[in-house]
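When the chains are written out, they are named A, B and C in that same order, and each has its own residue count from 1.
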């Protein structure tokens, strides 16, 4: 089972890297950047499963990130619920929302699906902005307690880093296992030929919904971790701009590749730290990346590496030229 | 509530609706010729408005030449976009095409922000700002300009598509590209033209609306979305439906903002869009698709 | 018409309309168990539409479709696949984002039994079922002569082998009824002969009932037990291959009216 060995090797290497990285960094500040990078990676891995493997699209995934963040924040800060409840509620709300939205939305395809998910993202953003009593509105929601589980409070940046790194490793592990199973094959089948998939007994609607909800769960989970790290959330972090950033990360890393998703997310989260004028030219870079990748590198960084070295880092060739 | 208030909502709805309609028309023209939804359509509107603002500020350039020049430049930009980002990947999957046009849209916005900054700008009204009193409602002259120009543009396009060879060729492409190609219609040229016409229509919309709604580097996003919503309302692929859809959406939004809540007015459009997509994606005037399996 | 009581698939009065076009007009069709029943007819006669109707990819505006005595007309396509009705496609529909082996393993889908939790944690049940699936897939590939190409990307195979791959995938589902939509299209003579042998082996060794839609007359006449002829959505003849070949209506349908008559 060489595929399994490759995955195991990759995961071990990654886990070691996560363990050791903070001590290689010149400045403790970068740990903070890596935390955000890993949070984004958690979402993008889910998005890759949805877009690269199952062939769907979501231009509004920031909504689920926001739902997870706000739900847990409100549950713990406003209602004083224990952290565990906040965590569960945050993910649950994202999951339920995705389920309800997904049923009608995933019947759509192509442009209609893209626009519907975009619309949902915008509606969520408007909701976060306007329900001021609940969410604090445009000024944001403050006073969110630091994450505390089983009595241990993740006070320091370093401890939070290891928490998020651990969650990411688990998420990657689960995603790789998912792909390498009948569920993964069903998803990939749906991507290339819905007709043939149905004939093989695959319930298309149910699978699309499943992967949509799963990717929303990842995003919701990341949202909870985000809220309890930053202590503060605002609608602007979850709007169209962020949803598009997620897409750029996914495309850059390689949509049909789990490790690609991690790479894309980390690269684009870390990049602004090194480009001082980044904020001004961010849109130009993102737009350029999308155009260049689709035209020349349909499988992103991961695809480029595969072509150069022949080594396939835990992904499958996406049908980008269909 | 008095008639004059209703009339006010109605007219302001038609005004904004014209912009939605023109944007929607741009979507439709490109969609009909290529099957692609150009996510960057809203940016044509933005560029038309922004360029007008900056050209008019240059010494020696009056309002009308500024607008004409802005529209011409935007049309050229539309051609460039087609030539360099769409034509090379014309056989890509739908998702990839969506991503490329999103990329173009972001890039355009980024460049606009770099050149012109983040401020909001106003274009001078075409014939002054003294409101005209119609049945108790106060209508800005610019609103009348908007409606008149939009209507004229619609008529010109209608004539173009039904009475000129080029226009008929583009319609042929929308029905069956291969057949059109087989009978000697230069499909590539049609595609280029469709982008240029869409850019033209969008830019005109941007220029005529800028005096009332102001313009800035990021007006494109929301306009694009609402323009698309208008397309769906009217039935994707139907130019008349697109324009009508835009007007309907503008009026609904205006009444919604006036009677219900102005804060949620954007949400109204999206909820309408979602409901339509879920229930009747073929819109008000579209045909239900009967596809040969 | 053969007697109904042994028919695995029974279509009665099936009508399909697209907008203004009547693609199938009250078509009766029987596929007796263990037989190879073919459907032939000129282009546009409605052959693929009939297969689409049976597999549920197209809705019917009238008529009944019964499989193994059960009315399946209301079932969504994937449920018919689960019930044991499997097909191949005229325009190849292999999964281009998977390897050859994975394509066939996907065909096994309905027989692989584990839950999401099993695959997330790679439990012993997952390993067991995956191995079984891989073995079955390997078996079907061997049957088709493609075993040595297991790990290649499916798109690397030449066209003829891709057709066999799709067939292997269909077999992996362990169907009772196999519908083949122009499987010989695009194949050369040698490949067609190979295909002919394989189809016969499927019926004889694997005891699978086959419905074959084809244009290749040699193939059809050589291996079919019975043949039905469609034209303009209507049945114009039905019988053994010899009977059908001699039927004047069939000859007219294919060759057109003689202008002098």
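Definition applied: contacts are C-beta pairs under 8 Å (C-beta built on N, C-alpha and C of every residue); 3 or more make two chains touch, one makes a residue touch a chain.
Note that the structure is predicted; figures quoted are calculated from it, not measured.
Chain-level centrality, scored on Cα centres against the all-protein Cα centre, points to A. Ranked by separation of Cα centres from chain A, the top chain is C. Inter-chain spacing, taken between the CA centroids of chain B and chain C, is 48 Å. For the pair chain A and chain C, the distance between C-alpha centroids works out to 41 Å.
Separation between the centroids of chain A and chain B, computed from CA atoms only, is 33 Å. The multi-chain contact residues of chain C, meaning those touching 2 or more other chains, are 57.
Touching two or more other chains at once are residues 319, 322 of chain A. On chain A, the positions that touch chain B within their shared complex are 51, 55, 57, 59, 104-105, 107-112, 114-116, 118-120, 122-123, 126-127, 130, 240, 244, 247, 251, 280-291, 294-295, 298, 319-322. Note for the complex: chain A touches chain C at residues 174, 177-178, 180-186, 188-189, 191-193, 195-204, 256, 316-319, 322.
Considering their complex, residues 37, 85, 88-89, 91-96, 98-100, 102-111, 113-114, 221, 225, 228-229, 232, 263-264, 266-267, 270-271, 273-274, 277-278, 281 of chain B touch chain A.
Against chain A, in their complex, chain C makes its touches with residues 55-57, 76-78, 81-82, 86-87, 89, 93-98, 102, 105-110, 112, 114, 116, 119-122, 126, 129-130, 133, 153, 166, 169-170, 173.
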